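The data blocks that follow each hold one structure.
Next come two complexes built around chain A: one with chain B, the other with chain C.
On to the complex of A and B.
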């Protein structure tokens, strides 16, 4: 493999935290040939980001590289001086920033930001470019990332561009000095599905046209299938399996890869689950719901004329991208914000009964108070319904059993729990006062795929055991396909389509539904073929609408 | 930090208390600061037993030994009426610490409660408390303190009172900022949905998350309060003679400069020592808790 662009061999990395040394990468080795696309895939703690950081040279201070070699174009970067290593940035390799929303300083125009980056890189590399020459190159690069009016973009403030546009600018930034290797860490995950899809297409096209190699770091197998030729699967700091994408997806050799693939919810084909339709009576009735925020000129119509019924025992999904109004609807059902117009009835009464509904938040990291133990968190709702002494202690036991956590976890604090465990505690808290309706706000968005599956299974079991009704709001249609008994698609505050998941996926009527479904990255070719077709003009229309 | 925790599946094996201790023991500034403050507290508490001439803290006159330079008998020399300056300095530290405890003991909790309320409730509560805080902060502190002490009789209690009246505003404003941002956290809303009342949310959900910021600020404040108290005494509005106060001692000895320099330098160095201790500890705590300034 003398011709390899990037060659990593026997990489051992340790982290020292609080005086204890722990190995986070064990004998990691892989290589990337020129213009090859390689994906590093793994879950939280697998070491994929550490590997990328070791290559870029941005490991945290408490990290030590105890062995191994990272060669870029035949040169061992670990033995290079700081300056020489700095000089590689931008030219030999370049990094696409992950978070387009926080990567720009809001007080600089986009053009200034790009010019600064280019000027510093030029200085490092001893290139003399005039301001005009730099501006020309920047405009050229912006055109490459399909920003059709580079002048306008350069004069814009970061806040004036949508997330998708800013992500494009960030990709352009990485291209400035024509790198041979592009490193992308979870590209577009902070963006909506449709935008993420666009970004992936763009990266793919650029890599092909410029003949760059790509190192893609992701947890999403669908993204891998779309944008990588070869996959390196990582688990707990080890490389579990390496191989061509096609083979890994079809016949994974390692059990871990198989379990990863199994955890991806299917969209079409034999692996999908159809939740039975509920024949129960409507427990929540929503009619002509409207919500306006702000006053006069700044008025924002978040929810427009939304009506639906939530039947007892069903799992109703509100799907939509950011800004579609799905969260506003959920908050109104919870009684957290009053509707501007329309009615919400729960069990025939106006909403407001605190004990009927409870909510499970998206991110268990922020929905549990870091300074309160599990027991304190769970005791609060019990105390507020007047439960004390032995009854309370018995109920705590019961709750822990319901969410399948050992009783000993009552004494733990959130930082001692994993993401999935935290979400179980959040579910237990929501169930404590025996609500009839649970609102699930992207309940698995912050979790790894395999953990997602266990939480979804738990929620399904709980619904059967306790006779609950769920209202789930999410942008993740693949999750909802298998979890919901009915789905409503929201666009700009309105429900544009509603139906049973099987019907919705087989024959989506509204073009937006089609655009959403076709943007979901899937893991098999069969599913890819079953996706609805969207014309380019249709897609562009919704892209602009949803990202602005 | 957040990123590290994410990468490391075994992170939760380390308990929170151990982490704090680990960070503390490796933070030179925090350790040095605590050693200094501990030494000051021990000296102050056991002053009558640790000082060579405890009686000199009061009204003792020994003109035979006035203005003596530092020696084995009198480490810091003697003052204009022949009292041992070392003993008086140690007793002065006592007054300084008393001032700190008194001022911060009242102004930190009251400022914190007002800040919590303003941040969490918003609306009129926020406007009234915010307005009051801004008005107080707009007044020049020394002038205010002098005015208050002037109205009342100059003594330790009134000096404490005048500083306290000024001091709560800083904590109100600090805690207000923190509590306003924490009030929007999901866990606060979740607690409210679980049926928690405002008292529970303020003191059980929000306050514990303000503790790092409050403790850093309080420690740094302790140094300011000592300086402020010394300034008041120096100007004659604080502790009155013969009670040994560091500021008063410096003021009294000023007229004998430069011949009898030790009479100014020694109590001055004591002020420096204790202030430095609090500042080091405060800085160290800030690094430990990773609190922005």
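On to the complex of A and C.
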């Protein structure tokens, strides 16, 4: 390959924790040509982020590079002096971190971050810029990332900007010194779908206009299709496959790549699953539900006049972005917070029976108490309904069987379990008191794609075995397409559209529904063509609506 | 923008006024409930019943408790805390003499705390697990565990033995012929009078008691600063700055320190109560002649007017210190200024 910008060869990286040395990267090698866009994909623990950190030089202290070479334009950066290595940061390569919300120090203004980054990069590279010159360049960069009021942004505290705005500032930070390689770690994944799509478009355009190369780190194959020319697939610290994006998407050579592709839920076409429509009687009846938070000028109308029925045995999806009110609705159904107006009836009675509804939270890593074993976690709800002795022990066995975990796992603690196993425990806990309705709050958002599929399959089986009814709240429409029997789209506290998934995807009526569906990154051209068309003005309208 | 620091501060002022009122009620009732008749105590066993009754009437002790309380509060607000039975002077005169001495001591020791503890916390966090961390941690543990009176006496003994000329008692060398000026703070009065020999000597006198008093706080604040630094240096925003090559010293001393200052400041506000408590003991040991030793005498002599005044002034110190801490934290953290945000 002629004149690669970045050439990584035979990279071996080890982590030492408590005296034990563990290999996290094994013989990793790939290269990036100038202005080429390469995606590094893989699941949790695949080593994709470690690779990025090795390139930039921000590996943690317990990491050692035992072999290999990272060459920037033919020069091995690993053999450079500390100072010369530091001088490459921000100028040769820039990193965009994953979570824009936590990427700024909350007690410093946005402008301070930008100015310090610029000032020290200038100093290392022998550039003399006064404060005014720096401010000018910063304003210029902020305009490049479509922040129309750079002065206001610079004077703002991080907490005053929305997630999308902070993500833009982060990108601007990376552009300050016109780097040759932009490394983006899961850009926008922490944000809403429409914002994420917007951010991806922005990165794409900037890379093209500035002639930068892009190393995109992601687990989302749809994102890869949209923003990369070539793909490097990683699994457990190894590279399993490398190739042009189109080829990898159509005819993957490695079995692992194929399994990744298979796990992506389809939106359109033959691979879509349609859940049958429920003919059951309404088990939950919600009428004219309203929820207001705060008082006087701080009043926030979170839920406005929401009405729907949950029929026995169905899977009802409430879709919406952050702040749309979907979580408030779920909390009211659970009886965790009273409605400001309207009624919720479960089996014809006013809501409030805690045993009828249970919830499975988004992140099993935080919803399970790390100091309680699986058995203790599951015993608590059983004890609270007065079950003890042999009956309780039998019920524990039963629960473990239901979520397909071996009985021996009862003695384990959360840190000994994988993400998927933890979520199974969380599901078992929710099922313990035999609820009829399960509320699923983004049940797969914290999990890898391949694990997501197994959890969804488990939930479907449980529904049939136990005759459960699900209310799922999520922002992930591609998941809901295959999982729900009905979907309601929420925007600013209101349900703007409701219907069967197939109809909703084929002919979305409300422009917001169209915007949401069109923002989902898909893995094939066929699906791309089937997406609803959205005009630019429409997209902008809802982008503002969702971030404000 | 949406900053409303003044509203937040007024709100706190209001709640602190309530705290003071609650304290006044409590101490007033307690002082009346404890056995022993202050009038009898003041007059001694030889006085007749008429004399005692006359004094009781004069002191208002024959009025209902509620009336006594409100008339007391009314007078206290104007600075009239009644007469001290022991010193035979208005309590306010005693306070004016003794409070500055204590304030000077306490403020110096707070300054000591931050000068020593914050850098120690930063260094121990930065070099976690190395020998300097170990030394720092042993030091802070010592500070937390050793009672300040023991530390004070030890300091006195060691200095008396090794540096006989170093002052270990009192606030000032009488040989200098300086009596306190308008503020009562020797450091300020000395500077105002242009007597820098007085300032130097006052500082020498301050060193040991202030250090003894600061020791407990130094331990606490070092530990809190260290853990706040350790927690914050793992945050994404630190990694962001690092990945752009912002030098480590800037990240630590600018970005991390300001963020990590919130926790030790909060602790400082709470620690202030034990600081005043410890001052009672340390002042006795160093013959400081401050308001704490005055309070201790008042308690032992059952000098009720003085006791109530001392408790109220201690409470005022505590409340004022916490108000200052709250204002500082609000200035540091913009998120606290957004009312109605989560």
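The definition used in the following text is that the second predicted complex is superposed on the first by the 547 of 548 C-alpha atoms of A that agree within 3 Å, B and C clash if a C-alpha of one lies under 4 Å from a C-alpha of the other, contacts with A are read in each partner's own complex, and residues count from 1 in each chain.
Here is the rule we go by: a residue touches a chain if its C-beta (ideal position, glycine included) is under 8 Å from a C-beta of that chain, and two chains touch if they have at least 3 such contacts.
Just so it is clear, the model here is predicted, and its values are computed rather than measured.
After superposition onto chain A, partners chain B and chain C are found to clash with each other. By the touch criterion defined above, A:15 reaches chain B but does not reach chain C. With both structures placed on the common chain, the touch criterion links A:170 to chain C but leaves chain B unconnected.
When the shared chain is aligned, chain C comes close enough to touch A:102, but chain B does not. Of the two partners chain B and chain C, it is B that touches the larger number of chain A residues. Contact with chain B, but none with chain C, is seen for A:358 once the two complexes are overlaid on the shared chain. Touched by chain B in one complex and by chain C in the other is not one residue of chain A.
Looking at the complex, you find that chain B touches chain A at residues 3-12, 14-16, 18-19, 22-23, 185-191, 193-196, 200, 204-205, 208-209. The touching residues of chain C, when paired with chain A in their complex, are 1-2, 235-247, 250, 254-255, 258-259, 262, 332-335, 338-341. On the side of chain A, the complex with chain B involves touching residues 15, 17-20, 22, 24, 44-45, 47, 49-50, 60, 62, 236, 334, 336, 354, 358-359, 361, 363, 366-372, 376, 380-381, 383-385, 413, 415-418, 426, 429, 432-433. Within the complex formed with chain C, the chain A residues making contact are 56, 58, 86-90, 94-95, 97-99, 102-108, 113, 116-117, 120-121, 124, 155-157, 159-160, 170, 173, 294, 297-298.
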